[in-house]
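In the two assemblies presented below, subunit A is common to both, partnered first by subunit B and then by subunit C.
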Partner chain A sequence: MKAYILNRLAALIPTLLIVATVGFLLIHLTPGDPAAVMLGDEADLKDLEMLRQQMGLDQPIPVQLLRWLGRLFRGDLGYSIFLKRPVLQAITDRLECTLLLTVYSLIISVGLGVVMGIVAAVKHNTIVDQIMMVLALLGVSMPSFWLGLNLIWLLALGLRWFPSSGYVPLAQGVVANMRSLFLPSFTLGFVSAAPIARMTRSSMLAVLNQDYIRTARAKGLKEWSVILSHAFRNALIPTVTMIGMTVGGLIAGAIIVETVFALPGVGRLVISSISRRDYPAIQGILIFTASIYVLVNLVVDILYVYLDPRVKYL
Partner chain B sequence: MVSFRNNRAVVLITALVLVAMMLGACAKPAPTPPPAGGTPPPAPSKFGGVLKVAVIGNPPTLDVMRTTATITLNAMWHAYETLFALDKDYDPVPYLLKDYTVSPDGKVWTFNLRQGVKFHDGTEMVADDVVASIDRFGKLTSWGRSLFQVKDTLVAKDKYTVVLTLTEPTALVPLYLTSTGASIMPKYTIDEAGEGELKRFIGTGPFKFVEYEPDRHIKFERFADYSAIPGEPNGYAGNRTAYVDQLLFIPVPDTAVRIAGVQTGEYHFGEWIAPDEYERLKTLSGIVTRIIKPSGWTTAVFNKKQGLFTDVRMRQAFLAALDMEPIMKAAYGHPDFWRLDHGLMFQEQALYHEAGKQWYNQNNVERARQLLQEAGYKGQPVRWVTTTEYPAYYTTALVAKSQLERAGFVIDLQVVDWATVVERRSKPEVYDVFSTAFGITWDPVLFLCLSPTWPGWYESQEMQALLAQLRRETDFDKRYELWGKAQALFWEDVPVIKFGDYFLLHIHREEVRGYAARNSNFYWNVWIEKK
Partner chain C sequence: MTETKSTSTEPRNMVALAQGINTLRRSRMMTLGLLLVLAVSVLALIAPRVAPFDPLEVDPMRRLQSPGPVHRMGTDDVGRDVYSRVLWGSRVSLLVGALVVVFSNLIGIFVGLLSGYFDRVDKILMRFMDGLMAFPTTLLAIAMMAALGARLSNVIIALSVVYVPRVARVVRGVVLTVRETAYVESAVAIGAPTWKIIFFHVLPNCLDPIIVQSSFIFAQSVLSEAALSYLGVGIPPWIPSWGNIMTGGRMFINVAPWMTLYPGLAIIVCVLGLNLFGDGLRDLVDPRLRGVI
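Moving on, here comes the complex of A and B:
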């Protein structure tokens, strides 16, 4: 097991190298450059050339790539052109917001998704099942920005229960923090609850028809014990896979939701860095999120072992 | 397998959910809550409070001499001041100056500084700071370089006197020095910056800069030792008073969220609101709508260095084919936010001129076809680079495309993000036309579209000669006549297409008072009325 984990961690290096190189090339092959954005619309071309030289953007792309990879191997993600600080610091400055958004969204999506999935499976082919699946369908079909704007309109503007935008740091109070993140978390959570619900439902259905469930019921166990201890635990593997994928989806979803709700998180940094062509920031965030994605996948794989003792990694 | 029996129930519940959502949509918003901040003080004072302004994004840099981005300038000019400022008629008047004199030949300008003006670090503003600031302005900004083309010397004569000597006279010295790029800052902050960007943002303004947290806010607070000019405010000039304790510029990219935030009271002010929300916003209690008239004009710039539009007949054909009304209507919607006008200077400006009016808004397909034939156009695709990041740019291009195709043009609309437009427009080999817009321009010699070095490259000796005369001339009537000639030449030469004037929409809460609704936003003299 230990060897397996070490192997997987070692595999991180080539994966990230590929991400870094492909990402770098895509970013640099996209037209536009940070010098023009910095100087503004009315700048003349002479200033532009000067600033490009200062930034090293006049160097050939392979030279820029090698320099960047060299720094990366020394653990240096670079220095953001617009934020005037190291990229790693820019990310950590914003990590609290994005991390909490992801955690709250995950709680909402797993809570909603798993409960809906179990209920739908237990009440299979009834009206309850159909309501759950219609809700799941709504969740899958709704774009998050549309849901977000509607929630703002209903819960912030209409009922005034939550602020419409902005972020209150955790240091200023847990309740205020949760209030400021409720609408974005619900937006993100509801949208990603849908696939979890559908996956839980189908794997529960498969398990509920097994002989050992009939045996458990025949032993006279209480129904909730049959469902939660015997059925759900065995139906959990596909659900955990789906939750792992959801984390990746939440990081991507944060890009949109943070922009709609004006949250100062990593997702918003991605958007503003791309539109300003802040190359070091885009590259740094790419590496950072790719690492998280790979690590989450690893955690999911390790969890399998605990959920199902038959799974063994050699 | 879904049983038929349950289908009716599903339909019923779905219908109920939809009806509930529709009812929610019709519900009126709750009444405006009282402003935050606890119980009001016994005697209402104009002073106090935190003014929160929702703006569209982050500034690319805070250094006012290293960018022309509005978002930087409109925030940082709360901390910085200039030697001259524009008054209510947009004429330059002394600001950090007590007075100034000009020699009879117009070449020697002597500036007498106001004494006792404090920087935010507590030091006094003196002539050395002014010389260092204007020198940096002359090096780093396009307006500054334009002034420094005719600069001979700039020296500190004594502690409070600066003398600028020119190689040839120009009437525009005060106007150049109203630019936020010509802000006065302590010499040591300039020395410290060297060739790079400023590290500290210290000025003489009514607010001092506190911090910039990207995506969170730019924070200013009242400068207690501010040396205000006594009397009444006068446009951007006159008295400036910082009534609010703190001023926050909060980046909120989505226009719907800016509106929602002003409605709920999270922000006092929402800048750059989409005009299609105007009718709805007008009816909301507690919200005040402000139209900024004039704001700018939308344009398509021809590449005159290379390709199809080096031929003036092609540009004239392009202009002849256009019907401006549907274009402006599609781009700006509500009629309160646009008008058809040929003038490069706005109707509200003294130099507004009738010249060339006959060429604007021709909608003459026949003439366009004829000109295309004369130019020998064979249906080569016209590469028009535009963006949806500014929706009006895209919409004008889209409507114009269909009109131009009616006249025989083949338009290849290339829709990219704004950063790409900015990059492509500097490469003459990759485009024929690009979309942009110009804000208010204070003097004709400053028009970018008439410059041979700005993208599009309008190299006309005749135009340059007229602009050089305009730069030298000080008499208004003579300048007016010269500008008429230049504008007539513009409409015959068609270096760019002017589609029409547009106006911006800002909103604020009703308790915000003292807002001047001028072309550039400022929040000195603005207070929050306590209820």
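Moving on, here comes the complex of A and C:
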């Protein structure tokens, strides 16, 4: 177990190096001089030269890459001239909203997905099963922003149950915070629930056919106890993998949902940085988010070994 | 299935029967999916003939009209016919989906074959693919669009790059198993050139999972194109793609919900069709993958 974790941690280094390199190369995909694009047509030559120097664009590319990696290693994600502050600080300023949105969405998607999956498996081949699976398929087939816009129209503008946009920080009250994030979280949670629901259903179906389930029933256990403590616990492992994969979708989905609901999060920062052509900010957020994603997947993999002692990757 | 009356085989018969019914039900869904995809494709092909209005024709006199006999899906904020725009939009979305499938497969298959068959390049190529997979897909596409600029061709490039590692992984996985089989070994033994082995013995085995995966990549690309356009980093706003029509409607959601409702429904029909079709295909090709998206 320990050796496995250490191995995985060591494998993290090349992955993060590639992530950083891809993030670095991205800016050089830009047609023309990034500094000129950032400052626009009316920039004077002196400013341009200064920005080029500040961003290190006057150096050969290998030197730039090494410097970039060195800075990242020290936790420096760069400086945004538009926000007039370090990129890392700009991210942490907006992190609360995105983090809570992701966490709430994860809770909703796991809750919905697991319940739908268990119900569908228990009611296998009935109309309930079919409704659950059609709902799940609809979830993966609809654009999240479309669902978000329609929820705004229906529940915020029509019925006035929820605010249509805006964010209440956690410091101003947990309930108000949850209320302001309910529609965005539900939007994101619903579209991410489908894979979890389908995975839970199929692994439950596989487990429900096992002998020990028949034994549990035969010895007179209550049906819910059979389903939850005997079947679901064993069906959990593939579901956990699916949840790990969902987190990546949530991180990316947050960008879209934050835009729909005008939330002041990291995702909105990416989009506004793009319209300002603030390359250091875009790069910084890209690296930051991808690193989080890589770490989350690592945690999920370790959890996987912990949940299923039969799995040994040594 | 033979009809045995003996009680000992009855449960097995029941299971087989249930599986048969299940497959039938599944393939019925697959047929439905195929029909939906075909319907959308036909509409996209004949859009110029069946669209009642010019999708770009602005008419301020008819702005924000609700759906009615003349404008089946209403008009938008500058009086363009939403129905005609949705019809034309299907062409853009399907074009993006189809080209992303082609390009991501071309590169992905190449990388997958190389890294599965040649151990020397495997480590480097797969590390790079893992690096690409380390980014959440939409985020990588957004970042690439930011660097490349909002153009139709760039949307196709960005989405193709995003899906290359997925194709490469699947192909590599198949190659690793096929390469150990007796028929590849005998082909090597009789001195067949490597490229012949790869193209005639290894590649055909990869086709099933590639086709299944393609339907999902197609579906994801249609969704991603809409998302990129919605975020303003996708197809330029003057091209009527489904995503762009909805972007235009978001400011008017309270007065003209039809501007977002109908293009969204079009996406759902198209993507649902692709997903149903892909599910059915996957069950036919490899039932073990059932339930795994």
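To be clear about the criterion, the second predicted complex is superposed on the first by the 277 of 314 C-alpha atoms of A that agree within 3 Å, B and C clash if a C-alpha of one lies under 4 Å from a C-alpha of the other, contacts with A are read in each partner's own complex, and residues count from 1 in each chain.
Keep this in mind: a contact is a pair of C-beta atoms (placed from the backbone, for glycine too) under 8 Å apart; a residue touches a chain by one contact, two chains touch by 3 or more.
Just so it is clear, the structure is predicted and the values come from calculations on it, not from any experiment.
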Partner chain in contact with A:Thr259 - subunit B first, subunit C second, else both or neither: both
First, second, both or neither for A:Pro31, with subunit B first and subunit C second: both
Subunit B versus subunit C as contact partner of A:Ile152, first or second or both or neither: both
Contacts of A:Lys46 with subunit B and subunit C, given as first, second, both or neither: first
Which of subunit B and subunit C A:Leu83 touches, first, second, both or neither: first
First, second, both or neither for A:Asn125, with subunit B first and subunit C second: both
Partner chain in contact with A:Ser275 - subunit B first, subunit C second, else both or neither: both
Which of subunit B and subunit C A:Arg201 touches, first, second, both or neither: second
Which superposed partner A:Gly166 touches (first subunit B, second subunit C, both, neither): first
Set of subunit A residues, in rising order, touched by both subunit B and subunit C: 30-31, 125, 149, 152-153, 157, 259-260, 271, 275, 277
Residues of subunit A touching subunit C in the complex: 14-19, 21-23, 26-27, 29-31, 125, 137-138, 140-146, 149-150, 152-153, 157, 194-195, 198-199, 201-203, 205, 238, 248-249, 251-253, 255-256, 259-260, 270-271, 273-275, 277, 279, 282, 286, 289-290, 293-294
Subunit A partner contacts - residues on subunit C that touch it in the complex: 18, 21-22, 127-128, 130-132, 134-140, 142-149, 219, 223, 226-227, 230-233, 243, 246, 249-250, 253-254, 257, 260-261, 264, 267-268, 271-272, 275-276, 290-293
In the complex, subunit A residues that touch subunit B: 30-33, 36-48, 54, 82-84, 90, 94, 125-127, 130-131, 134, 149, 152-154, 156-160, 163-167, 259-265, 268-269, 271-272, 275-277
Subunit A-touching residues of subunit B, taken from the complex the two chains share: 1-3, 6, 9-10, 13-14, 24, 27, 29-30, 33, 54, 57-58, 60-61, 66-69, 72, 140, 142, 195, 197, 213-216, 250-254, 256-257, 260-261, 263-264, 266, 389, 416-420, 422-424, 426, 436, 448, 451, 453-455
